[in-house]
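Handing you this structure, nothing more for now.
Note that the chains take the letters A, B, C, D and E in the order they are written out, and that residue 1 is the start of every chain.
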Amino acid sequence: MKESATHETARRYGMVIDLDKCTGCGACMVSCYAENNVPFKKDESNKLDSINWIRVVKMTNQKPYPDTQICYLPMPCMQCDGVGKHGHSPCVSVCPAVATDYDFTTGIVSQIYTRCFGCRYCMAACPYHARKFNWWDPVWPADMEKYLSPNVSPRMRGVVEKCSFCFHRYQLARDKAYQEERAELEENEYQPACVEACPVKAMTFGDLNNPAHAVYELKNHKHAFRLLERLETNPKVYYISSKEWVRRNGDNYLPDEAPGRLKSKAKARH
Amino acid sequence: METPLIPPGVKRCPTWQFALWMAAVGAVLLWGVYAMILVWWKGLNQTNMNDAYGFALWIWADLAVIALGGGAFFTGFLTYIIGKDKLKGIINYAVIIGFICYSSALLILAIDIGQPLRGWFIFWHANVHSMLTEVAFCLSCYFGVLTIEFIPLILENPRLAAKPFLHHLSHNMHEIMAVFAATGVFLSFFHQGSLGGVAGVLFGRPFAYREGIFIWPWTFFLFTWSAAACGPCFTILVTWITEKITGKKLVQQDVIGLLAKIAGWMLITYIIAKSIDTLYWALVTAPGMGFTLMDFYTDHPIYNIGILFAEIVLCGFLPALILITRRGRENGFLLILSVLLAVLGCSINRWVMVLQVMAVPVFSFESWFLYSPSWQEVATTILPVAYGVILISLAHRYLPVFPQEKELNPAN
Amino acid sequence: MKIDRRKFLAGFSACVGGGAVGSMLSPLPWKVMDDVAIWTQNWPWTPVPQDGRYSYVQSVCALCPGGCGISVRKVKSRAVKIEGLKDHPAGNGGLCPLGLSGLQYLYGPARVKSPLKRVGKRGEGKWQPISWDAAISEVSQKLNELRARNKPHSLAWISGENKGILAGLIDRFLKVYGSPNVLRDSTAHDAIDQAAYHTQGQRGTVFWDIENADFILSFGAGLMDGGWPLARMNGFPKSADGGKTLIQVEARLSDTAAKADLWVAANPGTEGVLALGIAHVMIRELIYNIDFINRQASGFEDGVMGGDQVLQGFKSMVLEKYKPEKVSGITGVPVDAIFDIARRFAKSDKAVAVCGRGHGRVAGCMDEALAVHYLNALKGNIHQPGGVFVVADPDYVRFPEPGMDKIAEYGLGQTRVDGAQSEKFPNSRYLLHRLPEIINTADGDSPVQALLVSGANPLYTIPDGKSVKKSFDKIPFIASFSPFMDETAVYSDVILPDHTYLECYRDIVSQGSMDGIVVSLAKPVVRPLYNTSHLGDVIIQIAKALGGYIETAFAWKSYESLLEETFADNWETITSSGYIRMNPQIPGTVATSFNTPSKKFEFNINAGAPEAPFSSAFEKIAMEGDAQNYPLTLIPYDSIRLAGNYPANPPFMTKIIDDTVLKKTHGCIEINPATAKQLRLSEGDAVKLSTPRGEADVQIHLYEGVMPGVIALPRGLGHTAYSEEWGLYGKGVNVNDLMGPIEDPVSGFNMAWGIRAKLTKI
Amino acid sequence: MFPFVFEWVWDMSHMVFMGGLWYALTIMGLGLTYCIIKALIDTRQKKGGTHGGH
Amino acid sequence: MSISDLEHAVDPNLGAADHPPQKSSGWVVFFCFMIGLVGSLIVGWFLFPQWLYSEKHQPIDFNHSIHMDNVSDGCNSCHFFREDGTFSGIPDLSACTDCHQDVIGSDPEEEKFVTEYVAQDKEVQWLSYFRQPDCVFFSHAAHVTGAGMSCESCHGDIGYSTHSKVYQENIISGYSRDIWGYSISRFGKPGEHDGKPMKMNDCAKCHLEETGSKGACFQCHK
């Protein structure tokens, strides 16, 4: 629900991805497919209709051989806080049927498939292409329906889906906490599948508001940046890269501008 | 004696000729209906849209017909509220065109959504902050208004008018038409504006997004204003085409001239406002987001900078200047050329605000997203055209659409 | 009152109108509208996963030799997700995308669901399900017949099992049956282990102690391109908060090269030359480990041996022949860079040089393996933490010596069909790639009369697919034990499907570390889904059917009882903790471990032709094809997103392949934009790729990271089997079909790293 | 759309937006009802009226 | 339909003179209108609700009451929380076989249960009156452990029933009628012994009262 602008966010779950560590192996993607019942088709080579809650994008510095460099950029849903961090992320405000909303207790942008009627306005609004449409009925051939997880409902044709930061894991962790009569979750109790699967531990996840969580410090790393910061989407996914060209690719700059020197209102970010 | 179906005192083509014409258009209609059923049955995979290009031909068609259907509300506004009685010669037709445009827009929306059977969620579970909600509400309400405006005209069919109740109903509705028209203007003003907002609020899309007053009220105002300017142009254009096809003069030239003059002034003010908006966007808004103007255009045949020139100069200033000069208006060719250009300009604007928004890459490491519609999309987009032609043909044949027809064609 | 038509119409309309008003005032339309919407939210054709009790089964991944620990999440009896097992020594909680996709193999459409007998033509794909008894008698009858014809040695078994109980069972089976022809898929370790044997006299497996090293000089090893245990990747990429230094020598900017601190773009096939160039600098600048060389090595200095023949030592050979300027000319690596690498390597605390291209699925050139090994010796890191260890294979598989009959003794006395362990290649254990040519060129009957295949897909993986197929046509009987309908299974006469690794017990031997070799136990995560049977049990069954000594040699009740018996005291540990460690390494025990005549590390550069290493000095490794007709060089590359070997990519992995690698059914070939410009090719162009061995249609992908003049194609595509729903059928090109093997003169290994090629626009 | 649906919040935007909607719907509904009732009355009173005259 | 048909849709035999006076047809029209109105109201309010739900019987007529007398921990004895905080829901067969290995009573339903299910090791396909659809994440832990709610507060006194009531399934949506509630209009309160309706708004209402907020979507959706 749209709360007033003064609403205090209790927790803001976010992610810091160290691009220097990421090898582009794709384990995050596959782990996400398996965790979230993401379907597959016979042909997935058209990446524009392939459902991925997290994509690993390959960027190059465009320099000729052998000065070429590549960098992999894992892109889940950025869980934007929106302008002024009031939950007005690009997608939430446009959804005509409140199928997507901003949860002020976790900072996570939800997507309810059974509410969505497939107008795709949110996809038009999201500059990160984090939102995917179910163009086809999902099909699991042979006995593959047997590996579907009951914690995430499979999506029907005609609705939009996206990364939820594995919110069901938060729900399950809360259940466990209730059972043990605890109110708070430990940092390691709630971790998305991609973060857990990363073999090189390039991804860190936690509450950006909680000084006890690793992300709290990491997001202030001198090489930390966010994608398209200038658009004031206020993503909760941060990146770290020691490479200037990678940081530059993260946003758009005029020829005379550089990420570090930019005096933008978006810079006052934390 | 049976009351005739065709209004008295006018001549209509023979039944067989009309049937043939209807059959031809009907075939196109059926093709569209087939495509529509395919899309509903098999889903949106029948289109060539994709995750990066979620809005495409249909949404453009939607925005375009709504803008062009704006002739109804604006002519209604002029006729019933400003009191330009002269326009009564064309208001009926404007209403019919508006009715066609709005019903088409609703139909296209129903095809365009992934879950048509849940479409009513937009009303029931409305998110009042979404432009699309506002559009859907006002669109449907205004469609209701147009229906109310259309009904008395239908009731004027001789055979229906023979029934006292229907006759009185028609009469009474005419009596309070100004109230409905006012409501229609109110609704139109909002939804036309909201349609502008649909793209304007996308702050993740630097091509569409506007800042500060350029989003509200400017973007809203621009859309409303352009619909008010180009809607009447479309009415004039369709009237002209109808006259050519029927081979009859249907509306007095001074009625057309008055409407054209008003449209011309609307257009010139609109295009000046649009130019200011474009300049501010190109010089201030976009650079603030790290873009130069030319980042938004490429050497693609459709997405090149020429489209901006076409929209603003060729289909904006040029027709506007012709229409505001008396000699331009009085020259039949120039008049039709300029309304045609204005209609094109408006369509280009809606095209750009929908499709180019999708096509422009937001990240420097992305490339342009290109898309060409599938035949199902084309067919369903042509469907409303065929439907419109059929409705116009029926209306023209059986209803007294043009009050001046009898006096303009005395020989009949 | 007379009811006329008009009145009827009016009444009817009024009734309808009243009905409409009434309906709107009743729940009917509203409830139906709501329920129809709810129906769309629960479409019966969209599955609803059943909930239940969650549990976790700890096991081990068997999809590559890495042997990473896995934790499988179950809901009731269904396995729903595979995750990395924390605290397992291999993988260390991480899993590669292949391991994470494991359930797609288990539940996927490519499974063979019962024993099958071919009814159509070979490869036609027409099958008849048969019982296990019938399937076993199909095989045993054929095998009995061969023995009756006194041709037991014409039985060959191609196996993917390299170590462990199953490998032991297969070896034992062929031994008592009377065939020397156990054939195994090759790996880079074939050459690397042999290099260690040449220099250290030790049989075993080489492992590089990457965990403890701080500087890794990699000659093309795809450390981050998959095929390596995940634990090795962990903490590897250097980032702001530390990590190891990695220098990657490779002609193409691979993912490993991209993560390296320095990417050295050497001409392909010249890695060994570069290694010796680096050795040259180390020796010249006296920055090698002088202490180790002086005390523990022989053959470094020139020496006199027998009469007055002067044996050239490694030092003078390298100083004479591998001057940096010359090496630079061959490798394309700048002289400065050679000096720089040598100094950094020499001065690092714990540096190690590694090799083995990509996933290391091609044995490779002995020269190269030796050159890299010598570099490690110069660094003096042999059996040092962060260095190189040669670890004896685990010896827990100890079966009692079987009795053998005459036929078996006769058969075993015959030479191996692939020429391995022969006079020519005494130290090479398997030379699978030689098999097709030997069969194809044999006079009369094929030397292989019956072929059994398990855990391998030779029809896909052996180079020069056309001749492989031709040779298979000459084998009268082929039986496959594959759980999947792979290329070889499709081409066999009878399939006796094995369980998948998630349905049964199996011991998995991982690569070693200082703490020892890890032997893990795969456990049945779910009950077998289909009518499949464990390969171990099937071998026992076949042995039983064959009778005699063979039956006696396999007197176990079942594989499971054998397993328990084999692990004996360790059984409890391995079932509870999931793994045991064997042969832990004690660093620094160099002197005692060298098993050479001199008891030292031998720079054995001219031990006499034809095995003499460096016989092809200054040359890059040979490549097939002439430069005239084939101006480009095609290299295959490995990617972590493509299972290049066995089994084929599961759908999840295919889903993460970039559209610059596979586009619809077209494989994409990487080409440098400069080369493409010369050839007037641009992105997305369809071209015909021709090599001396074959041709294929591919699509152009411009990639700055590939060397000009070189074109690169990934391994793992171009499958023609599995299920269509598997998503890989008929997609891309199998690069093995475009390349032939090139025989290493010393070892007989396939050392082909590329082939000449050309591109023609279509 | 109604105060009893899940999404409803008693805030300014809802009241303004929905106010506009209900206002329009009311005008249309009342207007139509007025026309129909008046037409019924007119019919009962057999009020003449020239064909098509307004 | 051809156009000429349209133009002559009215019977040409009927001349103007045959037209009955308007007055008399008015009553006919009114009468027919009322027939339509009343008829559709009857259909909509009385026949439709019956048509909408198909009736199913539980495979075994379960006697909750008799079990409650024999267990020590109330509902929790069979419908318990697992260690990880998840709720076990309807018990598996294994929970029953401890006692019902053999027929222990004289109830024919029990005999049927033992012979058809226990003896054949077949799970009973119970029909769940309160099963939420797949899109809902319902945390029993949050309500029972967290908020201290009793089972009865949502499920009514099903725990004291001696027979399984008929399961009514919505033939369009497949939902149990208990989710919607037994009143088709949802006016009025559920009966004394009935569970509460469980549509989203029912949850929201309680949440608003108890927590001051209806909650965000992800609180209850997955």
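Methods note: a residue touches a chain if its C-beta (ideal position, glycine included) is under 8 Å from a C-beta of that chain, and two chains touch if they have at least 3 such contacts.
Computed from a predicted structure; not experimentally measured.
With chains reduced to the mean position of their C-alpha atoms, the one farthest from chain E is C. Closest chain to the protein centre (all Cα atoms averaged), using per-chain Cα means: A. Here the two chains linked by the largest count of contacting C-beta pairs are A-C. Set against the Cα centre of chain B, the chain with the most distant centre is C.
Measuring from the averaged C-alpha position of chain A to that of chain B gives a distance of 39 Å.
Chain A and chain D have centres, each the mean of its CA atoms, that are 47 Å apart. As a whole-number value, the distance joining the C-alpha centres of chain B and chain C reads 63 Å.
Chain A and chain C have centres, each the mean of its CA atoms, that are 34 Å apart.
Counting partner chains per residue, chain A has residues 1-2, 46, 98, 113-115, 137, 153-154, 156-158 touching two or more of them. Those residues of chain E in touch with two or more other chains are numbered 10, 22, 84, 86, 133-135, 214. Touching two or more other chains at once are residues 115, 118, 121, 125-127, 129, 133, 164 of chain B.
If you check the complex, the residues on chain E that touch chain C are 10-11, 14, 18-20, 24-25, 28-41, 43-45, 48-49, 52, 82, 84, 86, 88-89, 133-135, 170, 172-175, 184-185. On the side of chain A, the complex with chain B involves touching residues 2, 46, 48-49, 57, 59, 83, 90, 93-99, 115-121, 123-129, 131-137, 156-160, 227-228, 230-233, 248-249, 251-254, 257. Contacts from chain D toward chain E in the complex involve residues 4-6, 43. The touching residues of chain B, counted against chain A in their complex, run 43-45, 49-55, 112-116, 118-119, 121-122, 125-127, 129-133, 136, 198, 201-206, 209, 287-292, 295, 357-358, 362-365, 369. On the side of chain A, the complex with chain C involves touching residues 18, 20-27, 29-31, 33-35, 37, 40-47, 50, 52, 56, 58, 60, 62-66, 68-72, 113-114, 137-138, 140-150, 153-158, 196-202, 221, 223, 240, 242.
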